[in-house]
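Both of the next two complexes hold chain A, though its partner changes from chain B to chain C.
Let's look at the complex of A and B:
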């Protein structure tokens, strides 16, 4: 049985080979995990500031929020644009296109395998965090945990689709990664990565919630941290963005492959 | 000396000509720069309002820090990132051989070979922000202050260069280290805010271990006329130590360089 070109042996082979590939780069992945320290820097800034006290952002809730941001980032980081750009420029894409499998699945498998390899490092950093901030320790309830997993999975999907859309532009322009830099800016500032969106002025907050970005970090992080959050609205918005982006990506991809002529042709 | 200056002129002239071929990229870089500055000023503004302060710094004073951060970020996009990022490639592909064979100092070559003009507008914008915010904060620009400020900016630049260079040079052993520089960049982002805004333990780390304080906070203090002499001396001392250290480390690392596939 095949679903979207995938059958069980294909899935197993893809994941096994990508995992073997990722394990080779353990040290590199550990460093990637470490490079996500930004939420902790922001946390230490908030915990000392006057603004934190007057806006009510302090204490255990804030620490859990930023640790959750860190975890959400660990599991929703996507680098399709860069991998795809390299594959397209070096001509590795051509053999991929000949296989009876959508090339994007290969990147999905690479990301899943990387998450598995990264997991112990992320947990290690979280453990160090709890050693430094023992009062902030919490274990989400099973229901909360499952909802958080779902929210993170959807966040990863939106992120992946957004980047795949930009990656598909590689078919038209050779430097699509420059566009990814533009995408990173609203992602950095409108997602709750640096500052909880609840701290934004009202107008800015309203604008943010019209974009997909709060659903990439703020929403899953709040679910994981057990802060007050509108579950229904959050999940509906996440599903809406997936439903909107998926056909766009497939269409852009199909149109792009049609005009793809490999490098040097 | 003259040979080095002439080489620099050639290096940067050719790099500039090469970069100008990608005009759309330049435009995107410009947009990204304006967007990220606007974003970081917005994040900073969340900490202020209603007469609040951040670690004893007023809004205008904190903007000076932000301006210096922007300026240094421009410096790193212009020189540090393109040059030091290429060291990894040189090691992996073995092209460091050709650099070592050139009749010019190899650290000079790998550190200054390329110039990416995309960072220049960012440096300009940073300077404008520094001057504007400092005059709003009531700083007086006497010749002495300006000279000391420029000196401390250079100190910051040297420390930044040395940290980055040492990490990049470890690629001689570990080959793939460009994500180690990502860790460094993530930590350096703490320089967007005055160092006194952090908890005491981190403040100590940012002064002595990873001297982020000397990159942005100390030059800002000089401009605002509130710098303490011991900090300036410590900054100068650290800059010398870091630079000499990076030099020694490079010479040490080269002894272990065995070219690619050997």
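Let's look at the complex of A and C:
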């Protein structure tokens, strides 16, 4: 069976070549992993103010939340808009468009391969965190771990589709990545990356949950940390955003390809 | 070696009728005021890159596509392979409408663009080839056989395990060709496949393409700035100027029409004046001791003999003028309508 040209041999070949490619950039990937320590900085700020309890985090809950935020971000970060924009402007997209495989699969494979390469660095940083905060150590149960993996996978999917939608705008505007930067502010504040959404006033929290952002960080992090969370509402919301964004991406792609002028090619 | 796709009984593999492409291009004056005006009142104008082009190509033909820079060659190729949508007209390639980019169509064609690459820069070509094999549904054993076969023809076997970034331009181009032909396409669109290569590498690519065409019966549409590519490979040429097709026919007729002269470059032992060259053809340039003449093909031997006899010549070179120059001069003189 093939989905937009994707079959099992294609998956194997793409992942093998992309992983080999990512290993070439291992030092850069290690630095990317290291640059994701913002949640630990936020943790130290919140710990100083002793606000964990007022946010509903008992004991080491806040530390576990921020470590989970770090891990979720490590495995759901997406850069497709930048890679796509460069490929479109430099003409590298043209050969991809002339092969019987949807070009977006190549970017999916690149992200998956990058995650595999990043994994040991992320685990290493988490291990250092536990050395510094030994009381916060925990191992999620198997069920909790599997649910967290699913939540992270869906978070990655939403993030990937959201960026792919913006990337498709490259067919209309040569600098679609500027739009992606517009998303950074709501992403920072509404995802739970900087501040747990529980800290927001009720009205702001309600608004946040109408956007996809809490399902990119806050929800999967809570699942991984074993904090109280509405599993059903969270997964339903994640699936809703995937179901909404997927057809939009495909429509934008189809319309965009008609406008493609392959000027860089 | 057999190619996939086009049945041998098909009369026409590429059919183009009244094909046109219009781009909308922004007009912007330079400077701050120009930028402000452009921001608030964006002006654009239409550029007709291709105008009402019609031709057909039969299976197995090798056709040269000529034209000056910006004439519309690459735009036409991009429409033929389905990369861009035509503004008007009709195209069929192996019975398919290219811009629909159906998988069955994509498996029958390939586009090679000189200086553009599909190979992964930091990995050996074999990694990219294994992806291509999987994408085109070629089994591992068959892919190994095809890679070996094409690598032998291209003389690139050893380079397949070196990172692409470490390969020379010629080796890279050959690896690109291998990647583009792994699925044995029946229609090849080649846009400047020898651009930037040295003379030896150009010759090897040419002989490979001729051999591929002979062995597979594939149809080839080739653009090149090197007349030698066209003369070595194509008996038929399409000449496009300002988006319009102005010649479709034999190469001999076009070559004579385009280049009734040859360029003779001389380096003399002493300075000369323009008057010294009266009766030796058309003086194109004279810079102290360096001379460039245009000499009629029919008088070339006799003129060169007289030049050698009458001047103290340090060096002499006879060339075909570059195709762009020829075409440009041709239109300036209004000799093709």
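In the analysis below, the second predicted complex is superposed on the first by the 252 of 265 C-alpha atoms of A that agree within 3 Å, B and C clash if a C-alpha of one lies under 4 Å from a C-alpha of the other, contacts with A are read in each partner's own complex, and residues count from 1 in each chain.
We take it that contacts are C-beta pairs under 8 Å (C-beta built on N, C-alpha and C of every residue); 3 or more make two chains touch, one makes a residue touch a chain.
Source: prediction; values computed, not measured.
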item: Which superposed partner A:5 touches (first chain B, second chain C, both, neither); value: second
item: Which superposed partner A:32 touches (first chain B, second chain C, both, neither); value: first
item: Contacts of A:99 with chain B and chain C, given as first, second, both or neither; value: second
item: A:54 touches, of chain B and chain C: first, second, both or neither?; value: first
item: Contacts of A:14 with chain B and chain C, given as first, second, both or neither; value: second
item: Winner by number of chain A residues touched, once chain B and chain C are compared; value: B
item: Touched partner set for A:258, first chain B, second chain C, both or neither; value: second
item: Contact residues common to both interfaces of chain A (with chain B and with chain C); value: 25
item: Residues of chain A that touch chain B when the two form their complex; value: 25, 27-28, 31-32, 34-38, 41, 44-45, 47-51, 54, 173, 175, 178-179, 181-182, 184-186, 188-189, 194-195, 199-200, 204
item: Residue ranges of chain A in contact with chain C within the complex; value: 5, 7, 9-10, 12-14, 16-17, 20-21, 24-25, 91-92, 94-101, 258, 260-262, 265
item: Chain B to chain A touching residues, read off their complex; value: 22, 24-25, 28-29, 31-32, 35-36, 39-40, 42-43, 46-50, 52-55, 174, 176, 179-180, 182-183, 185-187, 189-190, 193, 197-199, 202
item: In the complex with chain A, residue positions of chain C that touch it; value: 23, 78, 81-85, 99, 101, 103, 106-107, 109-111, 113, 116-118, 120, 122-123, 127-128, 130-137
